[in-house]
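See below for the structure under consideration.
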Amino acid sequence: MAPGFFAAALLVLRKDLAIEAKSREIVYTTLFFAVACVMIFSFAFVKEEGVPVDNAAAGILWIAVAFSGTLALGRTFERERYSETLRALLLAPAGRPAIYMGKLLGMLLMMAATEVVLTPMVAFFFHAPLFARPLLLVALLALGTIGFAAVGTLFAAMLVRTRTRDVLLPILLYPVTIPVIIAGVRGTAALLQSPPEEPVATLWIGLLTAFDVVFITLALWTFEPLMTE
Amino acid sequence: MKKIFVPLTILTAGMFVAAPIMIGMADLESTMLLVQKIFYFHFATWMAMTTAIVVCGLASAIYLFKGSKLADWYAVASAEVVVIFGVFGLFSGSLWGRKAWGVWWQWDARVTMATMIVMVFLGYLMVRKYGGPGSEKLAAAMGIFGAATSPFVYKSVDWWRTIHPQTTVMKTLGEKWPGAWLLVLFCSFAFVFLTVLLLAARVRLEQMRSELDHMYLAAED
Amino acid sequence: MLALVLNVFFALQQQPTIPEGFVPVTGAPASEQIPAAPLVIASYAFFLLLMVFYLWTIWRRIGKVESEMQALERRQSDKR
């Protein structure tokens, strides 16, 4: 009997986690890349006296999230393509949208792990009071990551069979997720003010929620015809 | 389509000849004076671009779910039109901003979002060109997502107060300055008619390419 | 007293005037620092340029397809 939607999604997630747990290749390389990103930004955005530029932390955090997220997306689906497991996955008696959801959940866990390391790092290197309102920050990061990963998982999956997938993924993904990134950066920047501008941050959180709903709905709706030849 | 093509072309051509004359004769605006006249085409081009975005979104969805080739042709045609009119919108806005705001570029809400939309549909065209076989479907996904984010472009100016004129400007223009309102409406219609004509021409190209493919296949038999 | 007046004067100067709507005026404009005419003309000229360019690309591509069609037809009639 075919598993239900969430059951199927969780099966896909468990499979991915099991594979990743063995080598931890994607986790470690993505984390290291994110850290390298932040280091490069610290050279670019620190003024001569060694003091970081004001409010740079918000932008740097989200750029590092976006870049490392794109890398993780590429690597995850490259693995599927290499082992030719994607076709097997699509042939499985689970609904296609459930496969998308499973992949999305895996990507969310991956990006969450990266952000857990990145956020304190950015706060530390850029003297940024990111944790002044921790709940709002977590909400911003979570909702922003969901929006980015929702579009990213769809695009990475649909590009799997394309020869130029590595360069096309950023070209397609970044413009569409610009609103998400802007909302995340603006909301985080609001939290960095003294005192933190909570209503502004809440406004951006509301906007991110709207984006997430739209993007996930669209992705679930279009995943099936996009993955069919 | 074929029957109204010639009359529509004549009408549109007439409108585009009349428009600069009317714009030249229009009153000057109190604070921005002469440079505000860029507005008539600047606003109209966004109307045309929005029309093209809607067409692209719908056509992409129809192509993705129904496999209609005609829908795919309309999708690629409207994506090109979005980019062309979007670029003009950004360019004219930049010229206007140079005078009105003092700078060639400003990262305000609507400018940022408009740039983003143009980039999304440029991405559409890129994936069609470099995506290899089956790229029409991938592009259709871009078209759908691009069309879905465009309402946020419109509303972004209200949430994100910057120096760009807000949406209330257009809503009250009819009462405050009916002359400008009518002229803007006229230009908008001219641009939308132009969009229809451009789409027809571009779709014709795709249609001919398809005929050529059929001829090649028939020749091989 | 004078300092207060000066302060208020400068504070008023620095307020950005965000236009709430368009307001028409008739008559000749005051002298402007950045001449607007080249900007307006450039804007409309660029539009014309863009349209001509786009229509030309469509024309060129249709021409290519047509010539290929003709070549194919010629080959077909040669065969028969």
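Per-chain residue numbering starts at 1, and chain names A, B and C are given in the order in which the chains are listed.
Just so it is clear, a contact is a pair of C-beta atoms (placed from the backbone, for glycine too) under 8 Å apart; a residue touches a chain by one contact, two chains touch by 3 or more.
What you are looking at is a predicted structure, and each value in this text was computed from that prediction instead of being measured.
*Asks:* From the Cα centroids, identify the chain that ends up most central relative to all protein Cα atoms.
*Replies:* Minimum centroid-to-centroid distance belongs to B.
*Asks:* If I rank B-C and A-B by number of C-beta contact pairs, which comes first?
*Replies:* Counting C-beta pairs in contact, B-C comes out ahead.
*Asks:* Please compute the C-alpha centroid of chain A, do the same for chain C, then give the distance between them in whole Å.
*Replies:* 37
*Asks:* Please work out the Cα centroid separation of chain B and chain C, and write it as a whole number of Å.
*Replies:* Each chain's C-alpha centroid was found; their separation is 13 Å.
*Asks:* Using mean CA coordinates as chain centres, what's the chain A-chain B distance in Å?
*Replies:* For chain A versus chain B, the centre distance works out to 31 Å.
*Asks:* Which residues of chain A are in contact with two or more other chains?
*Replies:* Residues: none.
*Asks:* Give the list of chain B residues in touch with chain C in this complex.
*Replies:* Residues in contact with chain C: 20, 27-39, 41-42, 45, 80, 84, 87-88, 91-92, 95-96, 98-99, 163, 165-166, 168-169, 172-173, 176-177, 179-180, 194, 198, 201-202, 204-205, 208-209, 211-212, 215-216, 219.
*Asks:* Help me check something: in the complex, which residues belonging to chain A touch chain B?
*Replies:* Interface residues on the chain A side: 151, 154-155, 158-159, 161-164, 168, 171-172, 174-176, 178-179, 182, 186, 203, 207, 211, 214-215, 218, 222, 225-226, 229.
*Asks:* Which residues of chain B touch chain A once you look at their complex with the stated criterion?
*Replies:* The contact residues of chain B facing chain A are 64-65, 112-113, 116, 119-120, 122-123, 126-127, 130-132, 134-135, 137-138, 141-142, 144-146, 148-149, 152, 156, 159-160.
*Asks:* Would you pull the chain C residues touching chain B in the complex into a rising list?
*Replies:* 16-27, 29-30, 32, 34, 36-37, 39-40, 42-44, 46-47, 50-51, 54-55, 58, 61-62, 65-66, 68-69, 72-73, 75-76
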